[in-house]
Structure formats: C-alpha cells, structure tokens
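Shared chain: subunit A. Partners: subunit B in the first complex, subunit C in the second.
Let's turn to the complex of A and B:
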C-alpha cells in the first residue's frame, strides 16, 4: 500500500471507509436490534461526512451533508427505533443463517469484493482507493442481513445498509451527479422506511409477531 | 551482547510481575488492597519447594507436559524482539517456528490433561483446542500482514520495523484490536476464561492443570506468565510504534509499556463479564475477521 503519494483527504476518506466496513461486520455479528440500528446510523453519518472531505467547500456539498446527516443519522434511525419500541422486540432470535456463518460469509465476500474491484476498468484516480470494494462489500452485507434475518425490522436495517453501499458507489460520481439524484435516493428510502414501519405495525397488530417466515400461510377468518 | 543479557534477564525475571500487576489492578477496581505485586514470585517459589504427587494412572506424558511446555515457551521467547531491540535468535521464517512452539506447548498441556483420564480434564482439553483453532488464524493473518508490511520473514525484522515505521492508519488499528483479543484468549483471561474460577465446569485452561502439583504446577504457572509476557511483547511492538533513539530509554519504555499492557488487561477484566461459552467463538471469529481484513488492506 502506497500511503505517501495519496492526498491527505483521500487518506482520511479511506480510513473512514475502513470504519464503514467494520460496522458491516459488527452488524452481521450482532443480534441486538437497537445496537444494529445505531450501527447503521453511525455508518450513515460517516458516509454523510465523506462528500465534505472529498470535495472542496461549496453550498451544494454542505446542503447534501446536512440533509444526509439529518436523514440517515436522526430521522430514519429514530423511526425504526420507534417501531422497535412499539412492537417490543429487543433481539433477533434464530436467524435463517447463524451469526458466525454470516460473519465468515461477509468476510469472504469482502475479500471477493477486493479481488473484483481489482479487475474492474476504473479510472486511474479511483484505482487505489477503497470506494469500489467498500461499496460492493457493504452491498453484500446489506443483502446478507436482508435475506438471513427473520424479523421485519432487521430486514429494514439490511435495506438501509444496502442503500449505504449504493451511496458509497455514488460518491465516486458525486462530482458530476446532480443533487436531484441524491435527493431522489433519500426519498426512495424514506418512503421505503415509511411503508415498512406501517407494515410492521399492522403485522404485529394482526398476528402478534413480526416473524416474516410465519406469513407464508394465509389466515381465514 | 548487552542486549542479549538484558533480553534474557527480562524474559526470566519479569513475567510473574505482569500477573501481579493484573491482580493488583483488579483489586483496586474491586476496592480491595490486593496481594503484593510480587505474590506470583512467592507462589512459584513455594510450589518449587514442594514435593510432587503423581497419580498412579498417569504415564511419562503427564510428567513431560509441564517441562516441555516451559522449555518450548522459553525457546519461543528467544525469537521475539523486545521493543526495538533485535531478538537473540532470528532467521527467515522464524515466525512459523514461534507460532508452532507455542502450539507445541498447548499440545503437551492437553496431552498431559488427557493422560490423567479425568473427564473434567478431557473437557477442558477439548475446549482449549477448539478455541485455539479459532485464535491461530487470527495470529497468522496478523503475522502475514506484518511480513508484507516490513518485507521481512523474521520476527525481528517484522516487529522492529513496525515499531520504527510511521503509523499505517487503519491497518495498525485493526491489528491492535485483533492482537489484543488474541492476547486475552491465548492467556485465558476474562472475557474468555477466568484464571481464578473454582468451578470446574466453567474452566477452560485451569481445569487441565488440576492434577499437577508441586514443582510441575510451578512450571505451569511460570510458563503461563511467560506466555502472557510473550503475547504482551508482540502486542507492544505493534500497538506502540515509539522510538526514543537511545537504547537505554527504549528499554525503560519497553518495561513501562509492558506494565501498561498488564494494567490494560486488568482493567478489561474488571469492566467486562465473562462471555458465555457459546459467545466465545463469535468473539474469536471477530478477531480473525479483523486481522484477515488488515491483510486484505495491505495486499491490495
């Protein structure tokens, strides 16, 4: 690894991305819902700071940063947290795939993401950075959480992580990407969280459980 | 030559002091006065004066266990540089010999435990080996990372490089966390194992040495403190990449750093509860993932 030629802000960004990757592992290995929500929020906040580090100061960047910090750091975690308190679940029990296999799978996929990113024809200024592998690995981690957990709330968290992965990839383009795309992405997510929160509330009211694997059989009344 | 003498002196004299510092820190946290710092020395000396009792069911393996363990740990200690000073023995690939000498000590401890025929000791041996399977990859990934970073295959090159080179960012942090977990797990400290527990069912390492007595138990306790010393020295070289320039101050810094690590272990033991046995593998896998991840970062 050549640290010498790397500009200072890119070096800091790389270190922050390492933290983002570690948070993926933390979430893959943890069964406490509130902890996972906070971890996802932290991840969102770190990603929110990144554009400010990468690009010179401008009104546009400041606005995006503030919006992301408020959205990913306060609003979305707050809403999911409220849903958790409403349905009174503290832990994820018996996921479809245990925590240790999920953690190992996540580690293998991260390694694969690094190998894959090597093979991609990236522009030379992006080649030595962590952005692409971090993006793929976060995507996979989100996907793993989304598919291996039973509780609907865990699946929302997985969805959040998945979106963070897409966001990292978007950072590479944020120079050319208009605010609208960013905003659209956040809005999508917000709607998603809304729908999920409502659905979760309904499920728990009707069936007294948010275990999605029990939703396979239809109930007649 | 002076480096060699100081190296041997430290390796022989210092290890039990670390145990004493850990106990004292824990006592301070508990609001007690605690045993004196040199209590482990008194304990070991007392045990060495006693007579050994051997069960009739045991064979020579049981007697060889503690001796081989202590000898192999000493041999390993000759390859590990202390602070910025190169180790007495160093050649390309000595990191493998270092790791496997420590594995050999574990092999003989478990063999001696199985030799007694006690079901408790067999259970402890099984646990010890299971957890060792999980800590070993963490240690090896860390060693490979260091080898790649320094471009050297001997422990002296790897570790004195990391203590003299600039801070390498995330890689250093990851290695530090992973190696601290390995340090705690390998030396049977809380949260992985409680060296002071008196309930055989929850023991891991201690249950294996229940049948040893007298000098043999003294060797085992001394060997355990030496192992703690080795892992702390390994950790020190990565976690504290400081160099004063003066040989004398480097030694002082090393000794202070080792005592600091002992205090850190004591604090960890005081603020954490022991993990449930089923949670231990998760923690060890986390350490492995951390050091594997640092290896990926360094190799890309």
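Let's turn to the complex of A and C:
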C-alpha cells in the first residue's frame, strides 16, 4: 500500500481502525466483564471521532459525532456497567468456546475479512482503506462473543460489538445518512440495551444466576 | 393529516403514563378508536409522497395499516376486559408500550425511507419485549430473553443489508440514498454484487423478525409464554409490518429486473420450508399456544410463497396479510380466554372448553376453521388465489407441496384443537372464577364476522386497494 500518498486524515482513520481491530482481540481473550465493557466503550469513542476525521466540518457531522460519543461512549457502557454491579458478577465463567480457540478463530476470520474486502467492488476512494475489513472482522468478533459465552452480560457486550461493526461500514456513508435516521438507530440501540439490562436483572433474581445455559425450560417435548 | 396516525398514539401514551391505573385501559381504547377512524378515512384517499420522498402512505402501506388498525382496536377492547380481571397487576407498561408500538407500526406503513422504516420496525420489536414478560415468571423471562436477543441480532443484520443497499447506490452514482422512490428510479444502474449482499442480509433480518423458517427459533417460546393479547399483536401486527419490509425490498429488486428471479426462488424455498416445519411440529404439539405459533410460521411461509410467485399471486398475497392478521387475532385472544379458565395450556388438561366457555371455545373453533383455509372464510380466498397462481405459472411442484402441507397442517391442528373444544371436560377440574365476558368476547365475534364477510364479499375500497397494491408489485412492461 502506498501509505505515503495517502491523505493525512485517511491515514489517521486507518490507524484508529487498527486500534478497533486490536480491541476485538482484547475482548475475545478476556473474561473480565468490566474490562470488556470499557473496551467496547473505547471502540464506541473511536467510532464517534471517525466521522469528524473523515469529512469536512459541518453541523451534520458534529451532531453525529456528539450523538455517537454520548451514546456509545458513555450511556450504553454505563447501563451495562450498572447491570454488572447489580447482579454482582465479575467474570465470564466456562464459555462454550475457550479463549484461545476464540482468539484463533477471530484471527482467521479477520484474515478472511481482509481477503474478502479485496474482492469487493468498492468505489475508488474507498479502496485500500481499512473500513470494510475492520467492519467485517468486528462484526464477526461480536458474533463470536455473542454465541460462545454463557453469561447474559457477555452476550449483550457481543451484541454491542456486532453493532459497532455495522457502524464502521456506515461510516462510509455517514455524510449522506440523515441525522434523523442515524439518531433513530442510536436511540433504538440504546433502548435495546436498556431493556436487555433490565431483563438480565430479572433473570438473575429469578434463577440466582445470569448463566443463559440455565434458560432451557422452553423447548419441544 | 396521515401523520397524526403516528402522533396521536404517542400523545395518548404520554397521557396513559400519567394517569391512574384504573383509567389507563380506557385511554388505550380511546386511542385505538381515534386511530381506527383516522386510518379508515385514509383508506380511500390517494396520498402524495412528501417532497423529500420520505413518507408516503401508498396502497401497500394502507393494506398493512388496515390490518394493524383493526387488530389493535380489537386488542384494546379486549385489554379493558383483560385488565379488569387482573386488577392488581401494574398495567402502565402494557398500555404505554402498546400505544408506542401502534405509533411505530403506523410509521412503518408510511415510511418510504428504508432507514426510517428500519428504525420504526426495531421500535416495534423493543416495545413488545416488556409485554412478553407481563406474567412475571421464570418461563416468561426466558422467552423475553430469547426474543430480544434473537430479534435484535436479526434486525441488526437487516441494518447491514440496508447499508449495503445504500452503498450500491453510492457505487452507482455517488449519491447514496435509501429513499425507495429514488432506489426504484435508479435500480437499473445499481451494483449487482452489493445488491445481492444486501438481499441476503435483508432477508435474514426481516425473515428473523417474521419468523420465517429456519429463522423461527424464538417464535414458539415467545408466543407460548406471552399473554394472548401480545401474541395477537405479534402474530397479526408485527408479522405484517416485517412482511412489508420484505415487500419494500421486493419493489427494489423488481425494478432491477435481473435480480428478481433469485429473490423469488429463495422466498419460495423458505416459504415451503416454513410450511413443512410447521406441519411437523404441529403434528406432535400438546401446548395449544405453541400450536398457534407454528400456525404463524406456516402463514408467514404462505406469504413468502405468494410474494415469491409474484405476478398473479400478489393480489391474493396482499389479501392474505389482512386475513392472517385478523384470524390470528381471534385465535390468540380466544386461546388466552381458555388458558385463563383452565390455568393450563396443555391439551391433556384442557378439554371440552365448549361447555365451560361456550363463546371463547366457539370462536377458537371458528378461528381454526378459518385459518386452515376452509370456505366460506376469507383465508380460503387468499390461499386459493396463491395456489391457483402456482399452477398457472407451471410451478406444479410448488402448488402440490403447498396443498399437501395445508392438508397435513389441517389434520395436525384438528387433532389438537377438536378435543380442546369438543371433548369431555376432565371431572376433577376445579371451578374457575373466569367466565366469558362481554369485553373479551364481543370484539372477537365482530372480527370473526369481518373474516366471514370478507370471504363472501369484499368492499369496493378494499378491492381497489388490493388491486393498486398488486399493480405496484408487478413488472411494468
């Protein structure tokens, strides 16, 4: 890649996306819930800064930046953090897939995302940038966390990472996506996590545990 | 004027939040009646899109609005009776969430910006979550958790699909858009690779929300544990709204011309799979609410097949949205009455409901006859239309399988529902305080009448609406 000829703002954006990719691996390898929440929040903050770096200053972009920073960086992590304190657990316990296999799988998927993104018919100004591979590998990392962990809170964190992945792809379009729609998406995400946090609280009261593998009363006889 | 359909329920929701719990169901009822009157007034009038093309209550949207508004009014009447029975339970969340859901469903029917559509659809998902947990027990919390996780992830996939769709327009003409009118106008130039990726993710997303097999895992658990009134709204309202999502995607693919065949084949395949799975699980089902969930899987399958067949079947498919929505309403609400009277939903304990609750059991039986596509009820007309179109287009295998699955499902449902309604009540059954009341029966009788009348004679405005809607889903050449 000819990094030398790259405009400076795109270079910075790519560096930040590398950080996002690294955070994925940090989360895949960690069992400490508060740490994972902070990591997801950091991803959220980076997502908030990126539109401002990519596009020239405008009211539209400023509003989006503020919304994402407040939503993904402060409010959502705050709500999950409160749920963690309420149910008094600190760590994920015996995930369905161990941390090392999860990391290896994450690495394979990230490599696959890079190969796949090469083949996509991107528009010329988006070629050779990290947006698409970063988006896909974050999506997959979120999906891995969501499906392989036992604790309800880990699953919500996985969902959040998955949404971050989708948002990274949305950055390619953030100049044309209306603020109203963007705000609506964030609000839905916010309310969704809020509802999930409440449900987790009730699960822990009902089952004295937030282990979702205990939720298996409902099935076909 | 039509925007009031969104704002009025929200206004009532605010009022409902503030007032005393005894009057709250009445607010729900008032809101639903105002909404019903407004949507009936909007039915016959052709609207124009807003200048930016974001909102337009087109014929397709009006068909879904008709279904949603009628169904919601019935549920609101029923809710008054239902909440009078459960006086001591807090009803604030039930009423307020139902009203917000009504506003969101109305927005779904008129949103022409697919991003806005997505936001409204996701809102309907979220508002239903607290209602599934209305019974406050271990089983219902489990159902709520499965519902919210699976549907949230599913609909996130749909969001990614929308991003791909917007990106295909960006690649084509640098001006990314998700406004349906513009998408259709420029559909020919859109990038094929992105379009196909968009299609896969949108189908997974909206398919999960509809409960199309093999993405239906949450459906039996949720419908089984949710109160009847919530089951009715989910199976009749939210399903119709998410099907409208698929219709919107279909409109874009229709305009591209080449991409449509693949889309149609996939829809038919998933539709047949849904009917097959419904047939298998209905046959061995002993829980009559889960039975209804599988019946819902069957009917989203029928809708998908109808849309997949396209030309010739579109009229019947659009009609089936209304028929399925209203009939599911009757089934879930009457099943809720029976459930309360017996405090059980297992067919081993619930027998002879006709003696204990003559009205509810009679309605449950009539609903069963209607939903299996027996004349003279309206689902017969729409299912007949779809199967005729299959044979006319020489999709003989599809037509034969469709009829075969309908027969299997009829037998499966009859084996379970007939003993529930007609058998001898168990002798050791304790007397229940719960009886048929005017408010939990009369609205159902009314809808059953509507279903019967629609099966014999369709009013002119509805015929025109269905024809206009069908015309929008056919190739203009």
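Structure notes:
The definition used in the following text is that the second predicted complex is superposed on the first by the 217 of 221 C-alpha atoms of A that agree within 3 Å, B and C clash if a C-alpha of one lies under 4 Å from a C-alpha of the other, contacts with A are read in each partner's own complex, and residues count from 1 in each chain.
Note that in this section a contact is a pair of C-beta atoms (placed from the backbone, for glycine too) under 8 Å apart; a residue touches a chain by one contact, two chains touch by 3 or more.
For clarity, every value in this text was computed on a predicted model and none was experimentally measured.
With both complexes brought onto subunit A, simultaneous placement of subunit B and subunit C is permitted, the two fitting side by side without a clash.
Applying the stated contact rule after C-alpha superposition, one finds that A:133 touches subunit B and leaves subunit C untouched.
Considering which of subunit B and subunit C touches more of subunit A, the answer is C.
In the superposition on chain A, A:66 contacts neither subunit B nor subunit C. Look at A:192: by the touch rule set out above, it reaches subunit C but stays clear of subunit B.
Of the two partner chains, neither subunit B nor subunit C is touched by A:74.
Once chain A of one complex is fitted onto chain A of the other, the partner contacts of A:152 are limited to subunit C, with no touch recorded for subunit B. By the document's definition of touching, neither partner reaches A:97: not subunit B, not subunit C.
For the superposed model, the angle subtended at the Cα centre of subunit A by subunit B and subunit C works out to 150 degrees in steps of 10. With both structures placed on the common chain, the touch criterion links A:123 to subunit C but leaves subunit B unconnected. By the touch criterion stated above, A:107 is placed in contact with subunit B alone, subunit C being left untouched.
For the three-chain overlay built from the shared chain A, the minimum Cα spacing from subunit B to subunit C equals 21 Å. Shared contact residues of subunit A, touching subunit B in one structure and subunit C in the other, are absent.
Across the complex, subunit B is touched by residues 1, 3, 11, 14-15, 18-19, 21-22, 25, 29, 99-100, 103-104, 106-107, 110-111, 114, 118, 133 of subunit A.
Against subunit A, the residues of subunit B that register as touching in their complex are 168-171, 174, 281-282, 285-286, 288-290, 292-293, 296-298, 300.
Residues 113, 115-116, 118-119, 122-123, 126, 129-130, 133, 137-139, 141-146, 148-149, 152-153, 156, 159-160, 163, 166-167, 170-171, 174-178, 191, 193-194, 220-221, 224-225, 281, 284-286 of subunit C are the ones that touch subunit A when the two sit in their complex.
Subunit A meets subunit C in the complex at residues 120-123, 139, 146, 152, 155, 159, 162-163, 166, 169-170, 172-173, 176-178, 180-181, 184-185, 187-188, 191-192, 195-196, 198-199, 202-203, 206-207, 212, 215-218, 220-221.
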